[in-house]
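So that we are looking at the same thing, I have put the structure below in structure tokens.
In this document, chain identifiers A, B and C correspond to the written order of the chains, with residue numbering beginning at 1 in each.
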Amino acid sequence: MFHSTQGVQGPDPVAFPSGEADATAGGTPILELRDIRIEYKGHEVVHGVSLAVQRGEVIALIGPSGAGKSSLLRSINFLEQPSAGQILVNGQLVQGQSGSRGAIARNKSLAAHRRDVGMVFQQFNLFPHLTALENVVLAQVHSLNRSKEEAVARARQELAHVGLTGHEDKYPAKCSGGQQQRIAIARALAMDPQLMLFDEPTSSLDPELGVEVLNTMKRLASEGMTMLVVTHEMHFAEDVADRVVFMADGAIVEEGPAEQVMLRPSSERAKTFLSAVRGR
Amino acid sequence: MIESILAMVPDFLPGLGISLLVTVASLALGLPLGILLALGSLFAGKPLKFTCIGLVELGRGVPGLIMLYLVYFGLPQMGVVMDALPAAMIALGLMTGAYTAEIFVAGFRAVPQGQWEACGTLALSYWKSLRLVILPQAIKIVVPPLIGWTIMLFQATSLAYAISVPELMSRAYNYASVTFEYALAFTLAGFMYLAVTLLGLWLFRRASGRRRSAATSRAAVLAGA
Amino acid sequence: MELLALLSSGIGQTLGITFGALALGAVLAVPLAALRRSELPVASTAAKILIEGIRGIPPIVWLLLIYFALGETDLKLTTFQASVIGLGIVSTAYIAEIYRSGLEAIPSGQFEAADALGMPFGAKFFRVITPQAATVVIPPLATFAIGLLKDSALASVIGAQDITFRAFQEAQANLNGLTVFMWAALLYILLSIPIAALARYTGSRLTRKVAA
């Protein structure tokens, strides 16, 4: 069931003049969400959201809590099952499947999709019984079937990439929150993802530790990684993101180039939200 | 009195050996059963899941002595006759299955949902997630309560006295019924059970890592923590 | 049905032994728990050794010890009395620990607040501490009571005529062990249900009272 898309649904990607993104602008988006709906305990929390992400683009997803940002992000790799809608990667429809955890994980097409999409959680979700290095090695060996040597070499490289050389043999419990989150980023990067999802990556960190993580993310962005970031860090949205999507009450209220949404929002909802978070 | 004790000890020690043998055999039978019942009651489809939960509740609800009698006196009604020793091992093994299933279920549940999610986003297969990530964490959680159950099980081997397995309690009774030194014989047997129990508690405390007082660790054992 | 009637004739002894031992334990555990929490190291250590010692020895040993060893003396006990005392001793140790954990669950601020208000010991203990401790103590106490109900089957070993004893005799006479003991098992499970329900009911009532 492979569809190829004719053109792009939702927001017109040509409308933003962003550095990295315009190389592929107008081509097939790396990720496309079509009319995604998500239900949670009987009520709908995301009401038909469509969004296209171009290769190399960095998108910040902002908005008040309860807006459905995290649900939307988590639905992209089916941690949350959308009740309706389609998810396409490089124009190919991903077969999400409802059912038990086991049923989802056994779905071949979904497994391939998840290898392509890296995820970084608010709570890191590192494997506590494994060292930093082993955390990064595990899925390379058991999901990508890389050889042990190759995986270890790659893990060292990715840990160095996030500034953690010398911490390879530490267990997560012995690392600071900022270090743990950077291990988690390295773990995701080692899978060679085409796209990285970040679900409030700094929300459970003290500000000074959050900075380490934000700097790592900035580096990734400058290296051309495609990133979709749910965040409360307005500076990140303003300085790093190419495009900002403002969500409220389960829908996209406003979106556009970062400077436009952050500095000259057109909707009342976004104006109120931004002045409230900036006012602090 | 010292003479009497010195006479009893060599007679009782083989009994203690049989008590320990029954403990080990029941664990060997019961632990795999417990893991299967736990997996069934957590992850199986509807009918099997409820069967597993029901069996666990049943196994935990029945007095140990009744379980023992069911195997030893009950199975012959179906034509299955066996000696007292294997009957005791099977009965206590069944009980171990039911009680440890509860422990395993709690262990699996104690592994945070985020660990499954991380496995999912790394595209690890279901069985690999279970084997490489969830099980190692669950096992660490269940070791202390499993030691706790083993202590309970060791004490429960004294039930086998009721079907005349020549374990510690039977030895003590038989000895006393000849010499009429009931008080001394049962007290000595009691202290032998106590010695092994305290050894087990010491292990339990080491396994739980934290330095807890004997009483709280024992309370945790009881609560099935 | 005849079989069920026969087994049911043992219910009286089963419940009598269970609740007799429970009552004995609940009362004797009060001083033991107090001793355990004593600020005198000698007293608390002695209590600890006693508790650990009692619990480290299987209940069946206590039953045989009480029944046969006391039988050597002039003190002749019935099987029922010996069962209540034997299981009562075991209960004392377990319940003392339950009481202790109940008291420990109460924040020290509650004791301090009562002292700061100048409450006399009685008022402090019965109006402030006990209602809060009860909510913590009831669930483990109920769990223990259900365990004790099952342990009461051991009394049949010294000849107390409870459910298990009746089942045993019937099975010996008619070689129908499977049927008999299955019914006995069912009877024990049925008897434990009201205890669990009662515990849930009183537990939730007390919680509401304290939370309100």
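The rule we apply is simple: a contact is a pair of C-beta atoms (placed from the backbone, for glycine too) under 8 Å apart; a residue touches a chain by one contact, two chains touch by 3 or more.
Predicted model only: the values in this text are computed from it and were never measured.
*Asks:* Which word fits how the chains touch one another: line, ring, star, complete or other?
*Replies:* line
*Asks:* Please give the pair of chains with the highest number of C-beta contact pairs.
*Replies:* B-C
*Asks:* Centre to centre, by mean C-alpha position, how many angstrom separate chain B and chain C?
*Replies:* Distance between chain centres, rounded to whole Å: 21 Å.
*Asks:* Report the inter-chain centroid distance for chain A and chain C in whole angstrom, where each centroid is the mean of the CA atoms.
*Replies:* 56
*Asks:* Need the CA-centroid distance for the pair chain A / chain B, whole Å please.
*Replies:* About 47 Å, centre to centre.
*Asks:* So which bits of chain B are touching at least two other chains?
*Replies:* Residues: none.
*Asks:* Can you list every residue of chain A that touches 2 or more other chains, as numbers and ranges?
*Replies:* Expected reply: no residues.
*Asks:* Can you list the chain B residues touching chain C in their complex?
*Replies:* Checking each residue of chain B against chain C gives 58, 61-67, 69-70, 72-78, 155-156, 158-159, 161-162, 169, 173, 176, 180, 182-183, 186-187, 189-191, 193-194, 197-198, 201, 213-216, 218-219, 222-223.
*Asks:* Quick one: in the complex, what on chain B touches chain A?
*Replies:* Spelled out, the residues of chain B in touch with chain A are 43, 112, 114-126, 128-129, 132-133, 136-137, 140.
*Asks:* Touching residues of chain C toward chain B in the complex: what are they?
*Replies:* 36, 48, 51-53, 55-58, 60-62, 64-65, 68-69, 71-72, 94, 97, 100-101, 140, 143, 149-154, 156-157, 164, 167-168, 171-172, 175-182, 184-185, 188-189, 192
*Asks:* What does chain A use to touch chain B in their complex?
*Replies:* 77-79, 100-102, 104-106, 111-112, 114-115, 117-119, 121, 123, 125-129, 138-139, 142-143, 187-188, 191
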